[in-house]
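Presented sequentially are two complexes of chain A, the first with chain B as partner and the second with chain C.
Our next item is the complex of A and B:
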């Protein structure tokens, strides 16, 4: 079963268009959603969840059209945006209001997560570190038995240790297959560790959406001398010249046996960076 | 399962790194016949790699006849005779050299020179 199935999702703003987004995420996996700032990550998430209205397209969550069963579908989603609401309220108060919306609220489970994450429900939101705030939001989501967690940039603003903890928590959450996680980030090293699938968006268009291994296999990082560059220039996605030669990105299928440049495995960062630069005009 | 090290910075794909280490542990008898491997999701969590990566590793181990899977229960180390293991070891070592030697060939070294280097390196690594 697929937890998320998006078909031709389009949203038009005056200065930005989310253009025919398609993606599929099977149940029980983690998908990382990457792209530069302003590429359309948050717009995609908000449009997908009907927080802003879409122009056209279809969104299915757990095989149900979100437009036809919005309340039912949303009760199974835990959405964590970057913003914390009600910073002056205590966790206790927020939880009291929050749980009313969910029939599936599980008080025992909620208490066990509070203990596990060492969250003091008497504390106010603004007394918690960013990492603890996130754990609280994830606790809320898990306590109403959300089967799909959608997180918008959860790792930004976290130190490396807190980020690592969070990613480990993600993997613990999906260990038993009931939960699916979709999260956006621009810190690609987060994904090298735990993501099963990656969707890469650029200027409102999806460039790639596939398993992480397939994505990394589909590209090659090349480096070599200026002479090597001449031989393969028109096949590169983009390249950068430097004092000793060049670095570039190429699709694996475009590599020729006769290429002399050094061919290696790219990182997700390499793929993002070389896609964002225009051919040969790097400064 | 014994110690397994995954390097995100290595040129070798992660599934291959894990496969190589597990395969050698099976060959060396560190992992015993019929021993249960952790579930794919648990292994992914423990090694901090994606589930799909572990799936690929387990598939490869199964294709190479090193493990077997019982639906709904898990994957186990296959029973091996010593001769089987020796054959597999040779195959594995061949694979390692195949890659190395094809890249060495581009330096136009003679076979004799290469053997000499191998012998020196072999003695250096104890």
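Our next item is the complex of A and C:
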């Protein structure tokens, strides 16, 4: 079963268009949603969850159309937007109101996550660090047995240790709960650690949406001299000149046996960076 | 919906605004005064604080996380406002009765009587129809809607307070026999409730068209 199925999702703003977004995420996996700032990650998530009005398209969560069963579908989702709320209220007070919205709320599970994350429910939100705030939001999401966690840039603003802990937590959740995780980020190294699937968005359009291994296999990082560049310039997605020659990105299928440039495995960062640049010019 | 209204009343609205009707009610102890002004203090003190609080506390961030319908966001906020308006009316009635018991019912401006409370209910209706649909065009910015609602309610209040002082026929209608006051009460209360329901319906539609 698919946890998320998005077909032709479109949202038009005056200066930006989310253009026919399609993606599918099978149940029980982690999908990383990558793209530079302003690429449309948050818009996709908000449109997918009906927080903003879509122009057209269909969103199915657990095979249910979100437009037809919005409350039922959203009850199964734990959405962590990264925007904190009620900073002067205690965790205890916010939870008191929050849990009333979920029939599946599990108080024992909630308490166990509070203990696990060393969260003091008497503390105010603004007394917590950003990492602890995030853990509280994840606690809220998991305590109603969310089957799908949607996290919008959860790792941005966290130090490397907190980020690593969070990514480990994601993997633990996937192993122990029947949960699917969809999270957006521009820190691609996070995804190399834990994502099964990657969706790459650029200027409102989905460039790739496939398994991480397929994505990495689909591209090659090339480096060579100016002479090598002339030989393969037309086939490169983009390249960057430097003092000794060039670096670039090419589709694996476009690599020829006669190419003399050094060809290697790209990182997700390489794919994102070279897609964001024009040939010969890094933007 | 019940949970949303509970959240609006318990979490989103400061407890002070449930105490404010009591404090403002005490203004009825001022002898010979423009008593409709008591309701305006609610518009000018409580409303900007409550609606500014939604932004300040990131209320819409919390709402975006919850399993709710967008239409219900407007409904719950408006129900919470109606609840506080009802509290203001209840305390106004209580303190108004005490005023009349202490000072008698005669007032240079609008007397505190049945017609006064009917006009008070309609005042809330005029405020609701002026403020709420304008606010839910954005569900964020409350400044211009509040200025607009303040102007319309001030014109509305001026008509009655000035008219009663200036024109005998208005005094006869609004401060005349109990039957006359009763008619004014029922007509204006009905109009006030109708305007408030209309404000609710328009706001529900408007919030659907915006991105939170």
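Keep in mind that, in the parts below, the second predicted complex is superposed on the first by the 279 of 283 C-alpha atoms of A that agree within 3 Å, B and C clash if a C-alpha of one lies under 4 Å from a C-alpha of the other, contacts with A are read in each partner's own complex, and residues count from 1 in each chain.
What we mean here is this: a residue touches a chain if its C-beta (ideal position, glycine included) is under 8 Å from a C-beta of that chain, and two chains touch if they have at least 3 such contacts.
The model shown is predicted, which means the values in this text are computed figures rather than measured ones.
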item	value
Combined model on chain A where chain B meets chain C, clash or fit	fit
First (chain B), second (chain C), both or neither touched by A:265	first
First (chain B), second (chain C), both or neither touched by A:94	second
Contacts of A:161 with chain B and chain C, given as first, second, both or neither	neither
Angle at the Cα centre of chain A, taken between the Cα centres of chain B and chain C once the superposition is applied, in steps of 10 degrees	160
Chain B versus chain C as contact partner of A:211, first or second or both or neither	first
Touched partner set for A:193, first chain B, second chain C, both or neither	first
First (chain B), second (chain C), both or neither touched by A:86	second
Smallest separation of CA atoms, chain C relative to chain B, angstrom	28
Doubly contacted residues of chain A, that is, touched by chain B and again by chain C	none
Chain B contact footprint on chain A (complex, rising order)	28-30, 167-168, 171-172, 174-177, 189, 192-197, 211-213, 216-217, 264-265
Residues on chain B engaged by chain A in the complex (per definition of touch)	8, 11, 13, 15, 41-42, 44-45, 48-53, 56
Parts of chain C lying in touch with chain A, wherever the complex brings them together	3, 6-7, 10-11, 57-59, 61-62, 64-70, 208-212
Chain A - residues contacting chain C, complex	46, 49-53, 70-75, 77, 79-81, 83-89, 93-94, 97-98, 100-102, 140
